[in-house]
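Labels A, B, C and D are assigned to the chains in the order they are written; within every chain, residues are numbered from 1.
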């Protein structure tokens, strides 16, 4: 409570000064900015936990009004934050139509929409999307330095992995059709899409077991698929490992000044603007 | 529609000139060749999606005539393409009996066969094989540059992986027999092949759960198999990773001029013919 | 038996000399110290095996008194050891409140508590915690030299893996909510936590199969999750492999003299005190 | 048939000469030795396939006499081979009590024992052990050059993997006890061993699904175990990959002349005797 009040106080003190407000809301270099981000982080996590708890029949069905009220409290809080963000941003239109601007809008929209729309159920997904906002806060906190290493490695290997998954997908479609023909009396393999689904479940070694081959030949083919899966699972691991092992610098171009910088830097060494590799 | 028409126009304009036709159909360097390949790519994907949709009881059973007609449209299109390919190829016999020539034939054969044969069901597999033709088009587009790196690494490590799978297979046969003897009252382990199937499902960590050990000793042995699977799954991953990490050049011999070239090149630096590592 | 007696003899011979007792109990450099540790190792393993056997209905229910008596024998033995440890330690308070001191107390407490408390069942967990004491003995035996290499690699990569698991967790919460909305008629996806549980089971490729998607769209989304799991499972493997491959020295600071030492050393090269990286 | 006859001819031609016989049976450098090994390889594979087929109710129950006769044919063949091996070996006692000597005896024993013993069922395992003899033949053929690389890497990392599995095992025992306490109303977790079995099935990502947590807290703990499994599965893969990546020579000592040789060599460069790393 104390934290929230002091956070609000800070906001009011500076409310006339757009630049200061911008520093508090969009950066986290100042103590006030850090405090603001921590409050926001907790508000987001709490609101998502409440959505999760509400979905549990044991909890949600017994206190419908409680969750309704709390949801409105968080929505009004996030709406206030959204208005402040628009007010304090230097280029308002740019913020509103940016990735984070849309996510900010999506995190408050469902509650307002629920006043008009009946199918409240489907809005749940949009409400949980506010969890994505956690990444923005973590980014500001320089929390994702380690995540950056992973992201660069994944980004460098994503094209190889996509080619690999294309191969796998064509393999799985052919396998699925063969299994559909072999196991035509098995209700689990009632259509080619169902067989492809089984193929993916098997080749990724998930193996739910809701669909299993029944015939001798089907089991024999499944065995070959599983053993060939040994070579298959090794490929993406190899790709990522090799990329992570490379110690060379990953040079990217600063979006603002087009200066060539190191992807591991947080701020451009030429123009001083933050470097985003997530977007 | 527009694209198809302009593609056909191009074909007619050049239809007298074998050499030009060959460039359009077999290469993708010219704009017309690229257009042709893109149309073909979509035609293949659409025809395979239709085969998949037809297999779904909800869709296929309600519109049998629709799928029948569409199938014939695609078959006639691919037949026309097949005739053009034979007409325009420099060495016709060589093309017809080449890998891609047979795949091209197989992709149109099932529909014609369905006029005479009743067991339409089994022809499905052959019809889906036309998906393999996607690889030829992707190859022409130089799309598989990344795929090439993976293929070279897999090819270099395939012998090691085969030796590894031989070891695993002998291990699984012995394990399967032991489990068959231990779990002789378990209907899931009714024969040694069934036990071997269970062994493969377990050692690859797929774990369907349709067959599970019941006795204490069976569960104990299964635990040991699963824990030893830790060391086992590590081996192929290690093989592929090490091969991918090697940065040395992979020299192969050009099929046409026997010149030693780099496997990563697309065209032979001596005779200019395309380098295939897929075939 | 012989070993136990000779071990006890040794203890009595030296019982007046705190320093000697300390060497026997806390170190394993002397023959007596080694003997003591081996006896203790077997006592711990036996007592844990007895807890496990007792839990089996076929065994535990038929000999309740037997297990009761054996449990008290081991408890008295460990109590005697605990008293000796307090008596012989140089800084008693420090030992009692150290990690190992608390584990030593926890390994005898449950049996005494069972005299007063009825819910004996829940004390089981505490009794099995004595298995942790195995690590102390193994550490003294310099048995964990290989384990040290693994621990250093895991420790160096733990931060990266935690960031990775945070990413995964947010991914799984969003996925879980989407699946909860899609599969709202499926009893397995009755709440968001249940859906998140399914998401974790799927993304880790465990795939129990107790909860499976039923709708076409749910299966389609599950397929995408499983295929993306290919890239995901590759990441921690890559992290640990890269860390293990680094041959550079891992320097840490000695807790006692603050001298910079190699993490692979067993004793500080400056003050001679044992180096612990486990704690 | 032709091959078998010519193989037998060769054996008869040389039957007086122990040294020649030894070369044919124990080595595979000469054409006759190679022929002998190929015949033996097929005989072993066929006899094992027959054991497997016999176990299938659809096949084995209908032709009991057929399998009985074929089994005796192979047993007599292997007995003849066993006698020849003893006759031609330089140090008979050494051969009889060597690893391969015992395996050779075990591969013929079950059929003779079946004359006296009724529980034919349990002898199956011993009969399948003759599959191990495949390794000896492959070794002679220098077929396992690739396998050697894998074996050396596994051998160098086996100690690290064993320490790792010890850690995992202690972890799984504690986890199993906790789950046993939490899920005490779940018939799947009826004893600590059953819970440990579940823990191993889960941590290795096999996930049969025959035992699944039911309570909210059990599912929560299972989720943590599965996510921590991410870091766990990465460890053995990292160990093996690092070992495979090492290009340094693996020096071992020749058993015969104690000369230091490269483990990748097939024959000792000092005394010329074959180098075995399998035994």
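The working rule: a residue touches a chain if its C-beta (ideal position, glycine included) is under 8 Å from a C-beta of that chain, and two chains touch if they have at least 3 such contacts.
Everything quoted here is computed from the prediction, not taken from an experiment.
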Ask   = Based on CA centres, what chain would you say lies at the far end from subunit C?
value = B
Query = Taking all residue numbers at the subunit A/subunit C interface, are over half used by both copies (same) or under half (different)?
reply = different
Ask   = To lay subunit B over its twin subunit D by CA atoms, how big a turn is needed, in degrees to the nearest 5?
value = 90
Ask   = Roughly how far is subunit A from subunit C, going centre to centre by Cα mean, in whole Å?
value = 33
Message = So the centre of each chain is just the mean of its C-alpha atoms; given that, what is the distance between subunit B and subunit C in Å?
response = 46
Request  = Would you give the residues of subunit C that are in contact with at least 2 other chains, written as numbers and ranges?
outcome  = 164, 193, 196, 205-209, 233, 237, 239, 241, 245
Query = In their shared complex, at which residues does subunit C touch subunit A?
reply = 159-160, 163-164, 167, 170, 173-174, 177-178, 180-181, 184, 190-193, 196, 202, 205-209, 212, 216, 219-220, 222-223, 226-227, 229-231, 233-235, 237-239, 241-242, 245
Note = subunit D contacts subunit A in the complex at 205-209, 237, 241
Note = Seen from subunit D, its contact residues with subunit B in the complex are 48, 51-52, 55-57, 121-122, 124-125, 128-129, 131-132, 134-135, 144, 146-147, 149-150, 153-154, 158, 161, 164-165, 168-169, 193-194, 196-197, 200-201, 204-210, 233, 236-237, 239-241, 243-245
